[in-house]
Every structure is written in structure tokens, then in C-alpha cells.
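Pasting the structures in now, so scroll down.
What follows is a pair of complexes built around chain A, which joins chain B in one and chain C in the other.
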Partner chain A sequence: MNGKKLDIRNLMMNYALYIIMILMIGAIAVISPKFLSLRVLTDILTQSSTRILVALGCMFIIVSGSADLSGGRVVGLTAVVAGSLAQTSEYYIKFWPGLPEMPIIVPVLAAVLVGVLVGAFNGIAVAKLKVPAFLATLGTQMVVYGVNCLYFNKAPNNSQPLGGFLKSFSKLGTGNIGGVPYLVIIALGCAVAVWILQTKTCLGKEIFAVGGNPIAAKVSGINVFKILMITYMLAGALYGLAGCLEATRTGSASSSYGLSYELDAIASCIVGGCSAGGGVGTVGGVVFGVLIFNIINYGLTFIGLSSYWQFIVKGLIIIIAVAIDVRKYAGKD
Partner chain B sequence: MKKKLMMLVIGTCLLMSGCGNSASKPTEAAAAPTEKAAESSVEKTEEADSGKEIVAGVCWYNFADTFIANARQTLLNVSEADATIKVIDADSQNDTANQTNNMNNFLTKDVDYLVLNNINTGAISEICEQLKEAGCYGIFANTDSPKDEDFAQNDKLYLVSSNAPKSGTIMGEALVEYWNSHPEADRNGNGKMDYVMLLGIQSHYDTIVRSQYSVDAIKEAGIEMNSIGGEIVCEYSRAAAQEKVSALLANYRDDIDAIIACNDDMALGAIEALKAGGFFDEEDNYIPVTGVDATVVGCEAVKEGTLLVTALNNPVTLSKAIYKVMYLTNSGEEVTTDSMGMDGVTVDGHRVWLDYKKISKDNVEEANYDITDVNFK
Partner chain C sequence: MDQLDVILEMKEISKSFPGVKALDKVSLKVKEGTVHALMGENGAGKSTLMKCAFGIYHPDEGEIFVNGKNVHFADTKNAMDQGISMIHQELHPIRVRNVMENIWVGRIPYKKIGGVKWVDYKTMYDKTVQLFEHLGITINPREMVSNLSVSHCQLLEIARAVSYGAKVIIMDEPTSSLTETESELLFRIIRQLTAQKVAIIYISHKIEEVLMISDEITILRDGMLVGSWNSKEMNMDLIVKRMVGREMTNRFPQKNHKPGTVKMEAKNLTSPNPHSFKNVSFQVRKGEILGIGGLVGAQRTELMEAVFGLRKIAEGQIFIDGKEVTIHSPSEAIRHKMALLTEERRFTGIIPMLSVEDNIVIANQSAHKRAYTGGKLFLSKKKRAQDAKKYVDSFSIKTPGLKTQIQYLSGGNQQKALLGRWMLINPDLLILDEPTRGIDVGAKYEIYSLMEQMAAEGKSVIMISSEMPELMGMSDRIMVMCEGRLSGIIEGNEVTEERIMYLASMVEEARSDTEKGGLDTDER
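Moving on to the complex of A and B:
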């Protein structure tokens, strides 16, 4: 009898966030039944897509036992870089006036490349120079923002939000195949790729090992420096892709893009079950973490509740998630 | 788990302290571009043999803001070209603590003019007091005005600002005009204008006046209003506005009659969401959206016919007016509408008001300005 009770308690505990999410969706649907529609689902998935990419990048870092505060600003920088390379020739304050129109793969790759470079910069600071990750990436956050502002302020643009994107570029963020937005397909593709990398490859296991116990990893022959470099560069690539897609999705880009996305991503990872101490984290959990925040954002706006309430609900969810986590661990002790 | 929590706490603390500490760095960085100006001004003052160099310290609220970036560059350009007054500037990074530090730095440096793009709107009288003690000229730039008593106590105090409420009024009046000339504007036929208000940063002066005066203008015209979605805080972000409007459209598609945004970026985010929702593809498929700033992309949308109206606060005019006030006072002349001699600039005592300009499809070409234009006289 006791055992059964405990089981239910455990069950409730393990699935508390899912239960909360279902209750919330239920409550919103009762207030406004239109919430349970395909359009709403597509909207939420589309809005989650770029954030899923940032959170997946962040997950790599957290699993490897490190931290990254630069993600949001990298999204901003890469959005501006991608946008500046994707303007039509007719646009009258074209960022690079002499530049011919290029296929959209160029801005996409440029954004990813910039992301990887920033990742390498982070990696060297953390793994080589041994700067604590919070400080190193906080520094990078500022450097990246400064670089972005300088680039964005270049004549003839002079800090004007970028516009005049190529149709094909905007299409990437707004188009769909059979009703499924490209953005959702890309995010899903990346999630699957990250899942394979994390669970089916040697590299994935090594990242877990480094995060779980760096000393043990080192003595068992893992090159910790290399693993950390790769994690930061992979995360950078995902931030870069996210930045580029932010530009395609909104049809513009400015240096303020991506502000505090890294904190949203960290919150999503934690709510999705990543351990801030490293060594624990799943793709499914992180995607769920992102979705729960976006459902709150979308759902509460949908029923016309003021933004102030959204802050309160989001904050409470983070606290509840961590509190449940604490109890899970306490149970194991 | 303790480790986890600790890390979160440490992270937050670092983030906070990081923002605070970084204040001094942008100041140095900001001073760099002015070095050239400083050199040339030194040469000229030597020629004129006027002795001490006149220095103005400028605290901008946020270098990253498009409007501020343009105003800042204009002021540096004008100062470099004219070389009577040397301009050094600092970034408050949208943080009153940074602003206070930067301001104190300038006062310690004994600047002759302190130009304050003030965000500490709760402490205007205290700041005026401090300026009076320092004995330098104080110019409040593009912000809430000091009170009459503050001006009475210090004749070295000036305000150079756009008439911020006007930007809200322009949006409101444009919507009234649209409402009255388009019977179909009341989309659900409830006799009320059902509107969505996209706010910037809560408690930010521009957000307050733009949201308040736009609604006031519509109510004054005798139109009943109904807010949809309450306070929608988008922090001036295009992406956030796009997401919120998308969510509202999914539920209130047939109710929304108008969208009022406190800047162009948010207005364009709303338009993007409306387009995705199937609006703007035909004549009768229109929802009026209003913005402020007349950014380049904003004006493109006005031309395209999606953005109903925007309001131009010309950063070039602002900075030229600031420089002109310094120039006039430096040469002992009185600041009047005549002595200022600039279009759209009126002087009322020590308050120099700059007009917002309504930009709609009819006059969209008037929204252009040139930040390399240094002619202020």
C-alpha cells in the first residue's frame, strides 16, 4: 500500500512539469477553445524554432560542465551579418553597396561561420586560458555586442534596422512545405542531428564524460581541451544558424536582436532537466523546456492576459522546475 | 543540486556586476572617435588664441539605440567641423546607475557643458541641484523637462527636446482620420475601436507618453475604445511584437481594428505577423498600424502602404540644436527662436522644443536626413 502511494508520488514528481503544461493548455482551451487549432500549433512551433537551436547549443555547453552567456549576443551579431549579405541590389541603403546578390547559402554559411569563430574564441578562453566559463563568456558577450554595434553603425547603414532582404532569404523564415514551416523542419532536423551526435557517437559520450567528471575523463585518455573547443564551436554554429533564421523570420535585423536569449536558453535547459553541474541533459528535455516557455508566452497573450502576468508565471515555472529537481535528487540520497 | 543553485546565483550576480562595471569601458571607447575632433579643435583654438578649450560631456542613454547612434554621430561631426566646443560622450547603457557614474566623471573633469539624455526621470530636481553646484551649463536632451522652479534657480539650465507627447498624438490623429473615412474600419461592428497597444519598455518615458497620448487623441475625437491584450510589453523588439501579435491574431482575428506601436520596429513586427495571417494582400484586407521613429525600413513600409503613419524625431535636428545652444551661450548670445534659426525649432524660455513630423504616404520623402550634414548655423 505504502509502495503504491510512493509510486504515485514519484510519478507526479517525475511528470510534474508535463502535468502543469497539460493543465495550462487545458485551462487556456477552456477560456478560448480556438487554442486547440492547427494554426496555434504551427505558430508555437515556429516561434520556438530559433530558440530550440539556441537552447540545443546551450545544452552542449551545460552538459560539458561549462557555461555560456554569449549566446544571445551571438544571435544578434549573426542576424546582422546574415542580413547584411542578403539584401537586394535595389535597396537604397544597401549595407555593402557594391556586393552582387548572392544565393542564400552565402549569408547562412557566413552566420554559422561567425558563430563558430566566436565559439572558438570562447573555447580558447575557457579551455586554454582557464578563465572561469561564466566570466569568459560574459566577456565574449560584451565583445560580440560591441563588434556588432560597430559593424551595424557602418556607413551607409548608420545603425538603421536592416531591410530589403532577398525574397528567397525571407522565404526561408516564412515559407512552408505542405503547411509545415521551413523553420520547424530545420529546428527538428538539428534536434535529430544533435540527438544522434549526443547518443550515438563517441564524441557525444566524451562530452558527457567531461561534464560528469573532467578529471576522470582526463585520466581515461580524453582530450578535455579538444572536447571543450568542439562543444563551444558546435554551440556557436547553432547560435549562428539561429541568428540567421531570426533575420529571415522577422524580415529585418538590428544589433538589439537576441537580447537575453541565452538566459531563456539556460532556463529552458534547466527546466528540461539539464544539470547545471554538467553531465546530464537530453535533447527531448531541452525541446520540451523551450516549448513550455513558448506555450506560456503564446497562450497567455492569446487569451489577452497582460505581459506582467507572463513574467510571474514564467518565473514560477523556473522555481517549480528546480524545486522538483531538488526533491528528485534528495530522494536518491 | 546545491552546486546547481549556487551556479545560478553566481551567474546572476556576475551578470549584474558585469553590467555595472562595464560603465567605464564604453566611456573610454566612446572618447576615442572624438580624438580627431579634439586635435582639430586644439589647432583652431590656438589660432583663435582663446585660451581654455571648451568641453561638453554628453551622456546618451544607449549607444545601441538607432536614434541615439545617429544623434551622437551628428553631434561629433558638427563639433569636429566647427571646433568651437569639443564633445566627449558616454553610454548609460539604459541604466541609471551608469548614467550617474558617467555624469559624475564629467563633472569631476570640469566640463563646461553637461548634456544629459536623462533616463533618471525621478531625480530631475536632484540632478539640477548638482549641476548648479558644479557651475557648468546643463542641457537636458530629448527627455522629460525639468520643472519651472528648477529653471528659476539656475540660468545655466536648458532643455532641448522633441515634444515627445506629439509622437503619440500623431499616431492617434492618423487613426481618427482613418476611422472616420473608412466605415469598414470597425471590423466587428461593435462601434468601438478595438486596438492592440505594443509597449516598449515599461516605465520608459517614450513608452508612457506615446501610449497615453495616442489613446487620448482618439478618445478626444469621441471614439470609444477597447483594449485587446492589455499591456503588451515587447521591449521595442520586432521579434517580440511579431510573436505577440501572431498569438493575438489567432484568437481575435475578426476583432482587432488597429495596432498602435511605440516604435517602428514593433510596428513592423506586427505587420509581419499580419502578413503571415493573410492581411494586406487585398484592398479590404487592411488593419491600420502606426509607429514612431521613421526608420528607413519604417518608411519603406509607409511607401508600401502597410504602415499607416510614423513620426520622425530628427536626430540631426536634435544634435544641431544642442550644439547651437552651446555655441550661442558660449558666445554670450541669448537663445531664442530667432537666434536658433532652425526649421521646426521653437524656444520657450530655456526650453527648446523640436517638432515631431508626421510621415505618411503623402510626404514619405521628407523623412530623409543626413547625419554627415554639419551646417548648424
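Moving on to the complex of A and C:
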């Protein structure tokens, strides 16, 4: 390395996003000091929780060197599936009129299962049929949305937003322990579980290897097909859980839920340091990526800026993040 | 022939790459209307010289003259403007477009109507027909390139070169993927071109072919000029001798191993790809180092990758310890205690952004999960670090730490780490594909020592190598391939460079005197 100049450049390169985020929070706090309160923090974390789950799923995919555009629609589908199984018997347009009230584990598991199935579908398309991931999951995205709309339009519901959820179900999305919302606890729990899986298990190591160099991984005796299948199914499980929690959080569900969540998730992953080329990514980075977007969302609204500005700011941040990423990983030969 | 004008002259060209002097004061004179063959072993500097002539590389020293005029080529466009064209071994036509569009791409004839440039298909067609007639090529200009055979694609490239007004056309191994009939067609076109005063520089390993088509032969060895001769003065033996002629030095560890019983046997292995290996049978014994020699395109890598389950085998059997096995994937090969160090370290070996430790343990960890988890869910950090450290120490891999990303290590150290990856699974059969390519002498010796040590322990080693001294210095037997076929197996005491070169370059003759059953189908 020659001289300080380069070090400062490297430093800026590595921490540019953190610096931008701190500056933005600082600016928002100056304009509106109430921004730095516990209530705002709790709100941001609660809103981020389902986004974190989707982004963690997306991270698996990106680390394995693949792509997934179906996440958002899977959230929508699983929100509707979970919601339709968690209504009280008194509700006037119960989705399944004959169905008894069930413990909340049933809708939760149903949502996760649906997510896993969609993941398997993606996995087969990408790893077996060798359809480029971008296109395969774009197709899945449409299929899933179509299936969701058909299901949602079933009589007697006829495409009306689902409501009348069981108390225990809504409580999952709104309750808290000592001020910490359940949702935040679940999201953090999943983050820790994913971190453990990624860093401490064979599977985690193999996902990195496949993403880093699929041919070398294959030569080393790794079953690349199996790893990609597992990756997509794990991601699907996380999307499913996110969908279910999205229904509990909002106390409703409709087929339009989850729209463009996958794009936000991909953006969060890239901003959080995942390499778009695969093989690189950390849970901490991804959680940070989600938080930065949600802080921007919340903060800009908080100081009274039109929500349209959020798109502009988010878009620019994605471009900056990828520009930095390209220099970090592609520049070194 | 001496009255002909020199059209391209290269004077004392030198070119170095980090650590290698690829060309050392090489001169070449090509006369108009002649075929000038350029020969030499792999790595002799033929391609480098031609890339200098075509503006892909810039020589460190020396001068290039075209028609007596001193020229400097900044890039290939420059070279083409001066009438130099090159047809690469691997062709890259635009497959989804038709023949004439491929020829005129970048210079499509147009008519300007209303300020818009409209493609003038009529002119394009007529010009193509004219060009093809001139060369005696019979390809429909409207045919889709994806429907053309390899040889027709080559003719297309030649036609394109001529359409640029090429006076010198460089052909790099043009017949390597052609059948004999297709080669005949190519030779006819070449003769047509020379009759029109175009000069051809012809790079080939096929001695017979060179003797037949060329007027002059220039031979390079280790980046240096051996000499240029009139083809009429040359014969097979002279060419081989001049291409080889190198002293063997003591760069190899002493042999202490003794081949025992057969470890692995392959019978009549044939690839589903008709251009790849065909009917190859061989054995490797315990405690033996089997060398595999051959030229570029001999399909040695493909054969070994197929044995290791990376490629498909259409026909044939593999026996390990006398038992027939089927291997569909590398993980199955690893279960049979085989290991493969691949040829392209960067593309199929290292996982660049992962650590040295991750890279070393990856194969063993997926083959023997239990060894790392003890049957529990989590990996033992200690075990992983121990295993990685063992090979970092014993192979003296220079790395700042186990957690350093492997991409920051030098080539030799990366290669040693990959060897560590395979040593960890404790293989009985180690296949090495060009194990010392692009690494320094010290690391080379360490790799040789490891091979020797494995053989001494009664393990089997197969080494594909294009470096003659290495092949001869390390192998107990050398199996030589040519164009996907086994052209002969040479026992240790009969090995000479001439014999290897002979077998590697002329499959026809070789087959007739080494054939022992097996190779019965001769489609040519």
C-alpha cells in the first residue's frame, strides 16, 4: 500500500454506507429531535422484522450465487394462507366456514410449508432444469401471484381483505414481552439461527463454496443440486414465516401483500455487503441493510417529506452500494 | 522461391511476462504467396509470437516490417488495416446470424434514404457471392451460422480475412477440430489463397500435414528461434529433433517407489462427444506414477475428468481394485478415494473469496462430515483449523493466516493449498492435471516430492503434463494421447522425447504399431 491517501479511500469505500446512514440519522434528528426516542426505535424494529426474514431468505440465495424474485409474492400468498386458517368462527365471511378454530401453530406451519414448496419449485427450475435463476424466479413470482389471487377470490371471500383473526394470532403480531415486540424477538431469533447455520454447520460452508465457485465445489465432492435445492427451500420457509407474521402484524391479509418485498430484500442484501456474484454475505450486514432502508422510510416520513422521496433516496443508495461492491470484489485480480 | 518478396518480417522480437521470458530475440521472415509453418512444443512461444504480429501483445524489443515498412500495431484493428489477419483456434462467430452478416459485421453495406441508413441486403449478398466465388467456397450466404460445421465456420473466417484485404493470414491449429475431408477442403482454399499471393502462417503440431502444405518451416524452442528451413529439406525426424533437443537436468526427487498390483483399470472409455476421447484403455498400478502426454486438444483433461465423474462416459468400464465401479459425480469418485487436481486452478480449483482454511477442508468436510462434527450439529472449529494448519505447515504454504482469502496467495501457494485439500481425504489414486503450470521452480520440486512420497507409500498417481522434462522425469510409464485416442504407452526404459512427440503428433502411424486390440474402429 502506498501512502495515506489510499487508506482513506479504502476506509471510505468500506464504510461509506455507514457514514451515509449516520449522517442521515443525524440530519433527521436535528430537524425533528423526537426521532431519537424509544417508541420510534420500537416502531422501526417492528416494521423491519418481517423484512429481515425476507432478506435473510434472500441472503441464502445470493450467497449461493443465485437470484430470487419470487420472495414478495410468496409473502403475499402465505399471508393469505395463514390468515384464512386463523379466523374466528364468529367472523361473518369466514374463509373456510366449516373449519374449527385451530391453535396458531397450524396457520404458522401452513405458511412455512407453502413457502418451502414454492422454494422447491424454484430449486427444481434453477438447479435441475437449468433455467437462469432470474427468469425462473420471475416465472414463479407470476405463478404464485396467480395462485394467490385464485385462492383469495374463492367464495365466500371473493377477494375481500381477510379479517376477524383469532386473538392469539393477532397477539403474535402486536404483543410484547417487557416492551420488546414478539415480532422483533422472532426476527432476531431467526437471524441468530441463520447465523449459526451459516457459520457453524457443514451446510453453511457448502452454500458459500457453491456460491464462490460452483465448479470447484462440485470437483470437491459437493452435490451442487442438493445445496441449491436446500437453499431455495430454506429461503421459502423464511418467506412463509414472514408472510404469516405480516398478517398478524397488520391484522389483515390480501393477495396484494408483499408487493416488491423481494426487491427491497435484494437491495438490503447488497447494501449489507453480499456480493452480487455470490459467495459473500453476513447476517449482520443484511440486518443492517434492512434497518438502513427502514430508517430512511420512517425518518423521511417523520420529518414530513413526501413518501415519494423514499424511492429516490433508496434507489440512489442501491446504486452507490453496488458501485462500491463492484470495486471491492471485481477490482482485485 | 527466393525471388519472392518478403511480406512480413519480424526482427529479434523479445517479450517477457512476469517470471517468464516467452520470446527471446526471435526473427521470422514470411514471403508472399507461401505457407510458412511455425512449429514447437507447447510453450515454445509460437502463439506469443503470432499475438505480437497481430497486435494483441506488444513486443518488449524488436521490430516488425510489413512490405519493408516498419510498423507498430497498437491493436488488432491496426494489424488488420496493414493486411494481417489471424484465425484463432477457437472461433467466435455470431451463431444466430447468417453467413453474410457475419462476414460484413461492422461494415454492413447500406443505402441512405431519408437520412436513415437502410441495410442493403442485395449488395451484401452480391459481394458475398463474389467473395466466395473468388475463393472457391460453396456456402450459401443466407445460411444461419449455427447450421454450419466447424470447418465451414473456419472458411467463413478466412473469407472474412480476405474481405478485409489480408495479405498475411495467421492460422492457429486450423485442423485441430477438423476431419480429414474437412482438412482437405481447407488445404484447397489455402492453395487458392497462395496462388493469389496471400501468405499463410500456419501453426500446427501435425508434422505430416506441415510437410505436405508448407513451403518453409520455422521452429521455436523455449522462446528461442531454432531456425528456418525450406520444407523440402525437412523430414519428420529432423523436425522432431529440432523441436525437442533439450538437456535433462536433475530437477526431480530420487525415485524410491516400486509399482505393484493394478489399482485402477479403464477399458474402452468413450465420450458421448464425438470430438472427445474414444476407446481409451489403460491401467495404473499401486505405487506408480503414470504420465499422460499429448498436445493441446488430445483430450487428456476430458478423459481424466470423465474418470472422476465430472463428465459423462458413453461407453467403457472402470475397475478399481479389480471391481467394476460406476462414477457419476466427483463425490462418488471421492468415496472411491480418488482425488483430482484440476487444470484450471482459478476456474475450477480455488474458491477465491473463501479463506485458505475453508479451501483446504472443503472436500474432506463434505466427504466425512462426522470427522468435523463428531455426529453433532456444529462444526468443530478446532478440527478445521488443525487440518488446515497441518498442510499449511507441511507444504510451507506462505499465507498471512488461515483466514486469509485464498485469492491473495501466489499461484504456487494456491496450488499447494489445493493439494492439501486432496491430501486431507487421504486418496489412494491422485490425478494431477498440469500440476506445475505457472508456478515457480521451488514449488514445483515440492509437488514432485509429494508425488514421489505418495507413490512410495503404495498409492497411485496419474499426471497429465505438457512439460516434457517433467513427464519424463517423474513418470514410470507414459501414456500418450492424440486427438482423443490412445496412441501408445511407453515403458520407462523406452522413453525418449522423440518417441513422445512422435506418438503425440501422428496418430495414424502410432496406432498401427502400438495397437493391441481395443482400438478397432477406424472411421477415417
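The working rule: the second predicted complex is superposed on the first by the 324 of 333 C-alpha atoms of A that agree within 3 Å, B and C clash if a C-alpha of one lies under 4 Å from a C-alpha of the other, contacts with A are read in each partner's own complex, and residues count from 1 in each chain.
Going forward, a residue touches a chain if its C-beta (ideal position, glycine included) is under 8 Å from a C-beta of that chain, and two chains touch if they have at least 3 such contacts.
All of these numbers come straight from a predicted model, not from anything done at the bench.
With the two structures aligned on chain A, chain B fits next to chain C without clashing. Touch criterion met: A:Ser275 reaches chain B and chain C at once.
Of the two partner chains placed around the shared chain by superposition, chain B is the only one that A:Tyr308 touches, whereas chain C remains out of contact. By the touch criterion defined above, A:Gln47 reaches chain B but does not reach chain C.
After overlaying the two complexes on the shared chain, residue contacts for A:Thr201 are found with chain C alone; chain B is out of touch. Rounded to the nearest 10, the angle made at the CA centre of chain A by the CA centres of chain B and chain C in the overlaid structures is 120 degrees.
Contacts of A:Ala216 after superposition on the shared chain: chain C is touched, whereas chain B is not. Of the two partner chains placed by superposition, only chain B is touched by A:Val326; chain C is not. Of the two partners chain B and chain C, more residues of chain A are touched by B. Closest C-alpha contact of chain B with chain C, superposed model: 13 Å. Overlap of the chain B and chain C interfaces on chain A: residues 275, 329. Every residue of chain A that touches chain B in the complex is listed here, in rising order: 32, 34-35, 37, 39-40, 43, 47, 67, 69, 93, 134-135, 138, 142, 145-146, 149, 153, 158-164, 174, 246, 249-252, 254-257, 259, 266, 270, 275-277, 297-299, 301-308, 322, 325-326, 329-330. Residue ranges on chain B touching chain A, taken from their complex, read 1, 3-5, 7-8, 10-11, 14-15, 18, 22, 29, 63-64, 66, 69-70, 73, 199, 228-233, 235-239, 242-244, 246-248, 250-252, 264-265, 268-269, 272, 276, 295-297, 300, 371.
Residues of chain C that touch chain A in their complex: 308, 310, 329-331, 333-334, 340, 342, 347-354, 358, 362-363, 365-367, 369, 372-373, 377-379, 407-408, 421.
The residues of chain A lying in touch with chain C in their complex are 196, 200-202, 205-206, 208-209, 212-213, 215-223, 275, 279-280, 329, 332.
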